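So the structure is just underneath, and the comments pick up after that.
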Amino acid sequence: MNIPTLASTNASFLQRIIFGDNAASEAAAWSDGLFMMIFWFSAFFFVLLMGLMVYFCIKYRRKPGVAAEPSPHHNLHIEILWTVVPSASLLVMFVLGFKGYAMKTVSPTDAMELKVDAWKWAWKVTYPNGASSPETKFLSYQETDIGISSGLEYPIFYVPEDTEVKLRMHSQDVIHSFWIPEFRTKMDVIPNRYTGYGFKTPALRDSDTVIQVDDQGISSEIPGRDMWIFCAEYCGDEHSRMAATLRIVPREIYDEKIKFWGTPKDPKVLGQQLWKTMCAICHSIDGSPGTGPTWAPMNGYGFGNMAQMDDGTEMMRDDNYIRQSILDPNAHIVSGYAPAMPSFQGQLSDTDIEGLLAFIKSLAESDSDEQEDNQQADDSAGSDG
Amino acid sequence: MSNHDTHAEEHAHGHPVVSWQIQLGVLLALLFFTFATVLFYNAESWVEHAFEIHLPGWVNIVGAMSIATVKAILVCMFFMGLKYDKALNTFAMLFCLFCVGLFLGFSMIDLDTRDRVEPWRKAEASLGGTGKSLDSPPIDARFDANPSPSVSTGGLSIVEFRRQQKLEEKGSEEAFWSYYYKKHAEHQHSADINNYFAKLGYDHHVELPTANKAVPRHGLTPGLFAAVDPKEAAHDKSADDHSDDSDH
Amino acid sequence: MTTLDAHAHHDEGSYFSGPPGMLSKVWQWMSTVDHKKIGVMYLFAILFMFFLGGVAALAVRYELMDPVRTVQTLDMETGEMITTTTGERLGGLKDIMGAKSANEVYNRMFTLHGAVMVFMFIVPSIPASLGNFFLPIMLGAKDVAFPRLNLLSWYIYVTGCVFGVLSILMGGVDTGWTFYTPYSTTTDADHWRVVLMILAAFILGFSSILTGMNFVVSVHKLRAPGMGWFDMPLFLWAIYATSIIQVLATPVIGITLLLLVFERTMHIGIFDPAMGGDPVLYQHFFWFYSHPVVYVMILPAMGIISELLAIHSRKHIFGYRAIAFSSLGIAAVSFLVWGHHIFTAMGELAAILFSGLTFLVAIPTAIKVFNWIATLYKGSIVLNTPMLYALAFLFTFSIGGLTGLPLATLATDLHLHDTYYVVAHFHYVMMGGTVIAFMGGIHHWWPKMFGKMYNEKAAILGCIIVFIGFNLTFFTQFFLGTQGMPRRYANYVDEFQTLHIISTYGSWLLLLGFLIHLGTFIASLVAGEKAPPNPWGGLTLEWETESPPIEHNFHHEPVLTHGPYDFETTVPPHWDPKDYPLPENPSRH
Amino acid sequence: MQTTLDADTTPAPAHLANHPTHWRNRGYAHHWKNRDEDFEASKFGMWLFLTTEVLLFAGIFCGYAVFRMLYPDAWSNGSHYLDWRFGAANTVVLLISSWTVASAVRCAQLNKQKWLKINLIITLLCAVLFVFIKLKFEYYVKLGDGKAPGTFFTYAFAENPHEVLWWSLYYVGTGIHALHVLIGASLLGWVLYRSWKYQAYGPTEYLMVENSALYWHLVDLVWIFLFPLLYLIH
């Protein structure tokens, strides 16, 4: 990796404390270096000023009967000095900041363009071949002293190593912000226009491995590096859980993956994957309450049951109802819920919707084992919904 | 006192009194400038219609705004007495206008230059936002007996949605447009109806009174400094619309 | 001091000796046009709002002690934690607040903290309380320019607070204090409380405007005979600069919030992307006010520090004109830099422009800090409570200011924007700057305002605890931010927990410190020693009147005979508060 | 503390020495050195208040400018829905009222009590006329067409999806302006009442007239810009 002058391969001890030594791209390392430069500049002035302050406070502390010595009330030379020197340093910071900004926002024309969609509260990345990632990852920290909710799985977005990537982002509802801390950059994702930025993924080191779980639930170790993606612009209730994982993998694995995702598959499986990546944050399948109604077939929820609407009517949860709920969610609101769901028109193809339908239907036909599991959550679902 | 009135200014209790001649003169000047700006507006439209000379967009804006500025200066100086007053008051007003300038200027710079690095950043991605349909559930009945209007536009813009509603109400496009014609012939202010008919494939040519309808013309940003032929503009516009659709 | 005997007030009592009878006393305070009474009423109302916002802050900090556990899961009856975020047994706060999910309670808490602290506490804090009380006295005037307007402004403030508190009682709002669209226009769409909170901010704006107008005119027209512009205490320069910002920036938030109310009630669409409006335009509107208002918060604090450092080190302030002009410079530049709040949402050209302009603010600020330190040189420094607060201010404010540099630098801001780094930065400026200076100012002027001394030792203890607690709370947050913790997160990644816990302990220390101060204040009011007219040896005009001041401030119209910082020529080495009044100095130029 | 109203003992200015003093001196608050200081300060305060009003309207103007820049077609259509004749009529009405109110100040300064009242009455009539034209020929007709702001918009023949924004800004802008017309008219009404009942204003006592007039001129100023922006620029 070609390291620019400001950044150093061996981050100093202090830099490691401040940033965690995980800058993943040239631009990131560069901006860390710039931060450290500003830090040392600030530290110099801070120590100077505080040192003088403490020294004066001790040296010139009030002694009974001793008046303050006269000293000049102003001194033009020194005042000009301490105006010009910081100003010049600020100019340097500005110019370097500008340069780093260009590194982070401008990407080469041949960069791989990923389409990022955001809505309350999930991310979706669409690859150049039109596929999107169905893989998800459990977040261990969410397992601590609470029961694991099915909504706590986060999508994994794969990108190939050592590649220029350009993001083109759009939000479906409110403003979000796509932040990958390890690339040291973020940009707001805005509903009425596209925004974006670029980064170059790092080359993988030998020590970079991640655990991958395949369709059959078999885990294996593959070369790769995981990074957090956070939503950094406040967007509502589940703002703090609007996260995802960016997984950098070798080019072969990436190519294989997106080719596989691009091929048609069993609608039920497709539906389940879509639910995991897009719907699970609001809709549970085990009956636990969420922002939206659960899909579990219990207590009047789930496929085939009547839904009580907030305008007082009742509707059958059939194919049409579900289709409409996806495309024009706010046409009918289930009683007790807020109209929080964005429309997925343009987001989901007909195949996707068929897949979801198949998945939702399959939940209603699920065997008695699952029913038992769901029993425990019954009371709660009833009281909240 | 009448003999004093001939002076431009006199002083009552140390404060300047503006003479009635100056006040009347300023009023006449203001009325004249009002006439001038209206005349300018109509002359411009007339030139375009009669001679098909297409003036660039800024002519209209600069004309109207500079006349308005002159009028505002007259009001400030004479009616509000800034000419005779402490300079401090003028300074306060000028600094405030400076702040207004900053406010407008910087906001517009941002909204106008979002496409400098990647052209697609400018594009209006969609009429998205609050969930595409303008839903507003009724305000809590405890606090409001008259809930605010709730509209579910099903993903359409409200303009398009209202059009669909009216089309449904009228039954056919024929009925829709004849209703439009009737309504707007009465009110004498109208949009370019022939354009619509042409777009829809009808061959109607309705001559509407044009009193309040100038040519559609491109505005400040695109083609501010270019004279735009309305027919071409209409053509370009539909082309633009098309490309936007495909973009999404 | 020479005297003009035109309007002498010899036989007056202190300003709070009112008529007998509880009711008539209350009425006298409610209908007063006396700037001192209004200032005192503001002081108590503002401190109450500080308490309210502080409680919300403690709740926020408590919540963040654990990556997932939430405040709202605290069972209000048994005091036990109900450990689930999935919501089935959520009692307590969630039900009381009518929140629809667990995290929403947290979201409402930080919104409450932000909105109360910004609109009801920190914007009016110093100007409306200490400013109202001392601006006319320091000018040598009997009152502010428009006393009745001043009273009106106080009642508008109360109305605004009532709206805000009503909104909180109705459950609170979860928009964030910035009310960013389109979230703020769609959240809780079926409730009036968001509109109420917006209206509260709108109304409070008017109070701010009227106070600002009043002060600008007062400074222009009511200076005592002999007091030129450069004979004014620097506190007045700061308040003057503040008032200019208040007058010019606040109307923009007025129209913005009005548009927001229309947006919520009838979807006028200006900020709503669904109608073609632009949500980032809202941010421009909002920050055109809210960035200058940051200087409304900090400038008066800087003014207080100039006073405290000079008086308590008996030293002429270094570079008087530089400090005075840097106040005006900050006020002017404040209108140029709002865009740095929107770097991640704006076009590249505008971002670069705003980044460059933002650095301009650093220059006058740096000048001030250098001048303050230089003032200490060869002084006669006494480390009492106000001075300790002033020194604490220099420490925390320097950190706050310097950590702003990476936020103005575009490349680093892209990483730090909307993280805990920003949270820490602005708390170092707002709390480490304004609140600490405010506390210093209250201690400095407490004897003058209430005529009672406070227990110095207890106050110093409180000051030290506040200082340590503050740094513990917020210094950790810089690291949280750089390492990747976004703002406004109810749940977070495990690895940040240690720092969060330290931060929360710090917040408890802060609470302890403020409680100690509360105790000393109450003790002082109840059983404080009577304060001399000039306990510190100050030379500004407020020290030439009684403690507490008489109703018309001065017995005789004061005429300036010495500058506000001429300690070297005016204060004798053996001077003691009992020697009041200061001997006249014949050698004065 | 009471605001003591000290009786004014200064003698009348020389050129008014022979004038019978019809007006009543209000006196000035105790913290002012003299009446002039009070007057100057109040007027300066009023000017500061006017700057806040300008910045309030700056929000509307900024919205207008930005959206005109983004959606020139919608704005072009929008301005053509408005009839310049009503706008021009209202401009003339406001200009005349501005003149009469300036004359009212002059009459107060010269102690022409009768003309002071006449001027104020004409101003108030103009205010009523302005609001009448606005409501009857503009709001009523437009709202009848369904050209309303936001979700109230039901006009089916709009050409451009952003026209609804035009209407929003039109109603917010003219609505807030109309509100200012009403506030200004109330102020002038109060002046007229006091003038009628107490002969309250004269050469040494016309601050209230002056400040209300300044407010009214500001209302006029805003309209001077709103008129071309809404009606003439296309």
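Order of writing sets the labels: A, B, C and D. Residues in every chain begin at 1.
What we mean here is this: contacts are C-beta pairs under 8 Å (C-beta built on N, C-alpha and C of every residue); 3 or more make two chains touch, one makes a residue touch a chain.
Computed from a predicted model, the values in this text were never measured in an experiment.
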* Tell me, which chains sit next to both subunit A and subunit D? -> B, C
* Based on CA centres, what chain would you say lies at the far end from subunit A? -> D
* Structure fact -> The larger set of C-beta contacts, choosing between B-D and A-B, lies at B-D
* Using mean C-alpha positions as chain centres, tell me how far subunit B is from subunit C in Å, no decimals. => 41
* Asked: Using CA atom averages as chain centres, what separation in Å is found between subunit B and subunit D?
  -> 22
* Structure fact -> dist(centroid_CA(subunit C), centroid_CA(subunit D)) in Å evaluates to 35
* **Touching two or more other chains - residue numbers and ranges from subunit A** => 105, 173, 191-192, 195, 339
* Structure fact -> Two or more other chains are touched by the subunit D residues 40, 44, 48, 51, 54-55, 58, 62, 66, 70-71, 151-152, 161-162, 164
* Residues of subunit B whose C-beta touches two or more other chains -> 88, 95-96, 99, 103, 107, 111-112, 114, 117, 121, 124, 127-137, 148-149, 157-158
* Asked: Using the touch rule from the top of the page, what pairs of chains touch, sorted by label?
  -> A-B, A-C, B-C, B-D, C-D
* **subunit C-touching residues of subunit D, taken from the complex the two chains share** => 1, 3, 29-31, 37, 40-42, 44-45, 48-49, 51-60, 62-63, 66-67, 70-71, 74, 149-152, 161-162, 164-165, 168-169, 171-172, 176
* Using the touch rule from the top, collect the residues of subunit C that touch subunit D in their complex. => 7, 15, 32-34, 37, 136, 141-149, 209, 212-214, 216-217, 220-222, 247-252, 254-256, 258-259, 262-263, 266-270, 275-278, 281, 284-285, 551-552
* Asked: In their complex, what parts of subunit B are in touch with subunit D?
  -> 1, 4, 10-15, 17-18, 20, 23-24, 26-27, 30-31, 34, 37-38, 41, 57, 60-61, 64-65, 67-68, 71-72, 75-76, 78-80, 85-86, 88-89, 92-93, 95-97, 99-100, 103-104, 107-108, 111-112, 127, 134, 136, 148-151, 157-160, 162-163, 165-167, 176, 180, 183-184, 187, 189, 191, 196, 212-214, 216-222, 237
* Structure fact -> In the complex, subunit D touches subunit B at residues 13, 15-16, 36, 39-40, 43-44, 47-48, 50-51, 54-55, 58, 61-62, 65-66, 68-73, 75-77, 80-84, 88, 91-92, 95-96, 98-99, 101-103, 106, 109-110, 141, 145-146, 151-164, 203-204, 213-214, 217, 220-221, 224-225, 227-229, 232-234
* Across the complex, what residues on subunit A touch subunit C? -> 17-20, 27-28, 30-31, 34-35, 38-39, 41-42, 45-46, 49-50, 52-53, 56-57, 60-63, 65-75, 78-79, 82-83, 86-87, 90-91, 93-94, 96-101, 103-105, 140-142, 144-147, 149, 173-175, 177, 179, 181-182, 184-188, 190-192, 195, 197, 228, 230-241, 288-289, 291, 338-339, 377, 379-381, 383-384
